[in-house]
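Notes to accompany the following structure.
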Amino acid sequence: MKKISKAKIDELFKAISAKETLYIPVDDSEGQAAFIPYAEGLKMSEDLNTVRSAKDLFFPQVESLVNFKMDGKHIEIIDAATEKKPFVIFGVRACDARSFDILDRVFYYAEPKDSFYIERRDKSTVVTLACNAPEETCFCGAFGIDPAEPAGDVSAWQDGESFFFKANTEKGEALLAGLPLEDAADDAADKVKEDIRKITAMLPLKDLDLSKFGPGKTQELFNDPAWATLSESCLGCGTCTFVCPTCQCFDIRDFDGGKEIRRYRCWDSCMYSDFTQMSAGQPRPTQKERFRQRFMHKLVYYPDMHEGLFSCVGCGRCLRKCPIHMNIVKVIKTIGEEK
Amino acid sequence: MQAVIKKKAIELLESGTVNRVLGWKAGEFFYDLTPAVFTTPEQIEKDFVYSVFSGANMSKYLIDESKKEGKVAAFIKPCDGYSFVQLQKEHRIVRENIYAVGLACDGMCDMREIREAGIKGVTSVEEDGETLKIGTIYGEKTMAKKDALLERCVHCKSKKVVDCDEMIGENGEENRDCGRFDEVEKLEAMSPDERFAFWRSQLSRCIRCNACREVCPACSCVKCVFDNPNSGIAQKAAASDFEENNFHIIRAFHVAGRCTDCGECSRVCPEHIPLHLLNRKFIKDMNELYGFYQAGADFESKPPVMNYTTGDAEPSIVYARGGDK
Amino acid sequence: MQVDKNWTPTIVAFCCNWCSYAGADLSGNNRLSYPANVKIIRIPCSCRLNPMFILRAFQRGADGVILCGCHPGDCHYTTGNYYARRRMTLLFSMLDYLGIEKERTRVEWVSAAEGAKFAATMNEFVEAVTALGENKRLEDFRCKQ
Amino acid sequence: MQRIGVFVCWCGSNIAATVDVEAVADALSKEPGVVFATNYQYMCSKSGQDMIREKIKELGLTGVVICSCSPRMHEATFRKTCESAGLNPYMVEIANIREQVSWVHKDKAVGTEKAIILGRAAIAKVQLNTPLIAGQTPVTKRALVIGGGIAGIQTALDIADAGFPVDIVEKNPTIGGKMAQLDKTFPTLDCAACILTPKMVDAGQNENIRILSYSEIEDVKGYIGNFDVKIRRKARYVDEEKCTGCGTCMEKCPMKKVPNEFNMGLDNRTAIYIPFAQAVPKVATIDANYCLKLNTGKCGICSKVCLADAVDYEQKDEILEEKYGAIVVATGFNPISLEKFDEFAYSQSPDVVSSLEFERLMNAAGPTGGTLLRPSDKTHPHTIVFVQCVGSRCDASAEKGKEYCSKICCMYTAKHAMLTREKYPDTEVYVFYIDVRTPGKGFDEFYRRAVEQYNVHYIKGMVGKVVPEGGKLKVQASDLLDNRQIHIDADMVVLAAAIEPDKSARPLATKLTASMDTNDFFTEAHPKLRPVESPTAGIFLSGTCQGPKDIPETVAQAGAAASKVISLLVKDNLVGNPCVAKPDELMCNGCSSCEKVCPYGAITYEDKPFRGPNRTTLIRRVAVVNPAVCQGCGACTVACPSGAMDLLGFSNRQIMAEVDAICK
């Protein structure tokens, strides 16, 4: 295990960013945290989580796929892919770190493989950070995630004085090797972990019961009458999907700039009325079906396809950001209720 | 207040005046109330909550609810009331199917303000006079209620419920000196470069989640132009700076004169973009150029953008207004 | 601001069919010249001008947008330019509020008899926009790199 | 994808001299969707049109772009051409490369580049054009003429002669207008009354003509072929049906001090009056401003002496609602007020008169019985100074007066001078002029006769000042030809006041939605080719409401307007403009925003069933546009927040495509 005094964290950031682009969570003028490239003077956000998840760095909201150059009646096709540079993300929480596993199964391993995503994943080094102060909206524990023991290429912890680092992968080793760090005892972060676990034991959502969900539950849950009442309040905005670290749907659109057309993909939301709209119409005609789709996908369909892995990580972003406070916890509790 | 409202809701259901009640349903943590339709007194007893977190403007739900079988009871706060009337003017809700109970209101709280005050892990909030007693997993905290108010409540423009079948509490008055344009004026006083920088820093955070649009009672279009592939401007993400600007300018323009300034757009923005400042700019301009106008304050008036006088100011007035050159 | 000497702005002029388009024709009839950067789009009435079109023009690289319509009181459709006047006043004010240079947008009332005014207006507007330089704040740069 | 043909016109050298037409055709031929592009000397010529027709048939064109003169010029021509070749006329777009390019840009490279861009914009628009089919509406076969002067009378007579009913609405108690006040007419010197009054009588007796005198237009709704007009029939307190026009009431009326407007206030009339002997209708009218009975309740003499029992003090204004297929505006002119021209002492001396006042002083039916007497002391004037161009041809920057030439003053001044010298050879007559304008049949001969035969002193120069002094009018003037100052002690000064449109014209234009120029003259649909039509369909122009005219021109225009009206009224149905607003019901919120801004009341709402999700039926309120009423302004399209309302022929996407093409 390695460590650095908190007072010297800027040195560490400088050292990393001298070699690669370093993303750290920073508060903007409105106090909203987001991962942005480190530059001297930037302070790491003290928020538990960024507004948008760290998935943006692998799967950005908008990304050009292919360009078409127009000259009269001639069209030239131009590959929009550009070579990505290696980068480091610092301060990813345990929940977001899990979300990468979930996205990998869709974009990295499953066919067709997403070359844009793969390149970014390959060229990134993820430094996670344990959560010293989990909040009431956190329920990562329900998915077997321990905020005291975050994954990633490097895991990090902090106490009052220092940051502690442990490399989990070769990429992680390589990153730490070149940095101005001191050695620390292997149990140096144990006190921090213990404190964190004391708090997680008090979290109000720690006992969230997922036993009703998982692979093979489609028949049982699909026609539950509760979907109708739960979805009644849903406004049909895309907030939950856009702040979600595991939502992965996108749409492909063209921008016709006159002499050039850009074909790009952009996040889409299953909560939208025009999601996967076809010439015959909308396969999920009302908000009930759309709402059900989102939660069934997270809790049943995805686990069906991926050995029981839920595609929710309990980060709690949707609990905080839903305009009308309808969220996956309410769905789990209502649908999962003994009847 | 909650007890009186619950009693009224149950009474309306039991007397058969209505067969449904639109209200706020308890969540996990006291603050996360969800709009819901209650059909039995038992549900109301169990889950109906009216608290300082009942800020959500319920009027938009009435578009669908008022078209269903039977009558629905709705509890209308003053700011909801303007939207309620505006939607009636636009023929979007069927008034006969609604039993409207007006609520006197002295301000709603914003969980975001509490969190930004550094109070984390909140599990309960209790109103104790002017103070909020906040239970958290890190121990009990207190906060003055006035510091936790929603922006729209800090600058409350009216405590008057324009249209209801009965009131709970005393109906209040409009307050035109509520200072709600102060922020707009500050921006107007900046240089164009500063304003541009300000709005870029705000709008560049937009993730086009459409929360502002979906929550907005004026944005009640069957299909939004931005979702309609035939409109020529449909977009699913703000794929460039222009599209970020475009969405918010056009949205503000489309609701200009119809926007009641309920502030929901800013309340729900996950990126905390002060979208109400766009709408308020239009409202302020219309007030100054064409006379005071409050959307939803009456049933007859025409919104200023759908009206004119022969002596209106010329567009060139803009060159002489707002900030330096 | 540094302005490239060879640079000329792109100006879109929306002209109502009845007065201003005819005014532009008259300025042609009288051989009153104005810069070729001005491209006219004919609309039936100034009230047909949707703010969307103005933003669209800026998106696609226009540096200035001008709306010409009948003088207030002379609208072929009686009231169209009154609505246009309010809409444009509010829109321009909003663009200014967002920090977009207000000199890039303009409304002028040009009657069918005012060929000279049309040409003079265009000359003046092109000059004003040239002085401002390129529209960078509302242009969509996606296809410009 | 459309199959578009592009036709670039040279317009002789009008376009080809400053635009490389071949380069334009070549560049446009490379645009997506363009299957053919060519250039030709005169596209509007028969052979040009034949080529377009041929290519449409040969290549199966679905859209046509003509790069030529303004669409205001030949859009209709080319639409017809294409229609005759089986292409929907609304699949044609014009790129205006003459008025907007070749005539304003001298540099050929610049012009060519711009022409290509305008061509691209037109192509981009045509890509999105859809065939439009015009609707048909029936025509109400009745015309309304507003104004009962010579213009209105002539128009009404001609329309009536073709067999269509006509109503003349005249705000005064009688028709006749300004011509009735004139003495003789130039250049023939025949008596105005002798040629006008028979026409007035004809109008009064024509069974197709109804004269609504002492009436005004209250409100106009509707559109060509189908106007709904409200006419206010002002209370004249005399039953028109009963009054025989005997005049007894006028003899007995005790209120005799009412300024007589027919004689320009030079004498008085009674409160109950018939303006002049030949008035049509010859019916008395009580002037409510002066009538003792109406103002004080005491009197009632006229009622007592009226044998026909026609007087009715209780009469109220009535609103008449009528339908018309066409409306002719013939609201005429007035001399301008001379108050601002005090250098001529008009308000200081009664002997300084306007030409129209002079006309009455010379008229046998005038206040002096046709003897020329000074208004101040009723003596014969021996020196008369005529001043021309008073208020005409003023600088745009001047605070008073009109920029335009009033056209008639030169000739009537020559007439006045000549008649004065003829009747009173002992009178010295001076005419101060800037130019003498005599371009008309027999005009110059007439003027020369005044100078040569009648020895009228024509002096080129302006009068600087007129000072009343010791019963004389001291005229200070300059003689520009001799370059000297002149002082004349005149007995009378006659000012040729500029003429301006009647004050009632501006509010009327608003009601009619007809456009006006800055001088309040009605604008014609085309200054050369459609001089008697207003741009507003179904509104026609007759007489001086359109611009200064003399009598023969007025009568000619009146006849022309009538023939336009007749050719409209003979149609049973009118083919409408298909470029109207069209709501997309699926997008419509039914919010009434569009209805609030529609100036024509063309939008209504209906509750319609729609297929909802999951086999449900939803009843939704949606907008419905009446295409016959909609004029296609597009106000509603911008008011509509959901974009449901669009304008055919100028759709959102078409306009945006043009924007894109121009900015790319």
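Read from first to last, the chains carry the letters A, B, C and D; within each, the first residue is number 1.
The definition used in the following text is that a contact is a pair of C-beta atoms (placed from the backbone, for glycine too) under 8 Å apart; a residue touches a chain by one contact, two chains touch by 3 or more.
Everything numeric in this text was worked out from a predicted model, so none of it was measured.
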**Request:** Compute per-chain Cα centres, compare each with the mean of all protein Cα atoms, and return the closest chain.
**Result:** C
**Asked** chain A to chain D: how many Å between their CA centres?
**Response** 71
**Prompt:** Measuring from the mean C-alpha position of chain A to the mean C-alpha position of chain C, what distance in angstrom results?
**Reply:** 46
**Asked** Rounded to the nearest whole Å, what is the centre-to-centre distance of chain C and chain D, using the mean of the C-alpha atoms as each centre?
**Response** 30
**Item:** Whole-Å gap between the CA centroids of chain A and chain B
**Value:** 30
**Asked** Among the residues of chain D, which are close enough to touch at least two other chains?
**Response** 597, 639, 652, 656, 660, 663-664
**Message:** Which positions in chain A are in touch with at least two other chains?
**Reply:** 255, 257-259
**Request:** Pull out every residue in chain C that's touching 2 or more other chains.
**Result:** 51-52, 56, 60, 73, 79, 83, 87, 140, 142
**Prompt:** Mapping chain-to-chain touches, which pattern fits: line, ring, star, complete or other?
**Reply:** complete
**Asked** Which chain C residues qualify as touching chain D in the complex?
**Response** 10, 12, 17-19, 21-22, 24-25, 27-29, 31-34, 36, 39-45, 47-53, 56-57, 60-62, 70-71, 73-80, 83, 87, 111-113, 119
**Item:** Residues of chain C defined as touching chain A within the complex
**Value:** 60, 140, 142-144
**Sites on chain B touched by chain C in the complex** = 184, 187-188, 192-200, 225, 232-233, 239-243, 245-246, 249-250, 252-253, 256, 278, 281-282, 285-286, 289-290, 304-310, 312-319, 321-323
**Fill in**
Counting only contacts in the complex, chain B reaches chain D at residues 89-92, 218, 220-225, 228, 230-233, 254-255, 258, 302-303, 305-307
**Prompt:** What does chain D use to touch chain A in their complex?
**Reply:** 30-32, 613-614, 660-661, 663-664
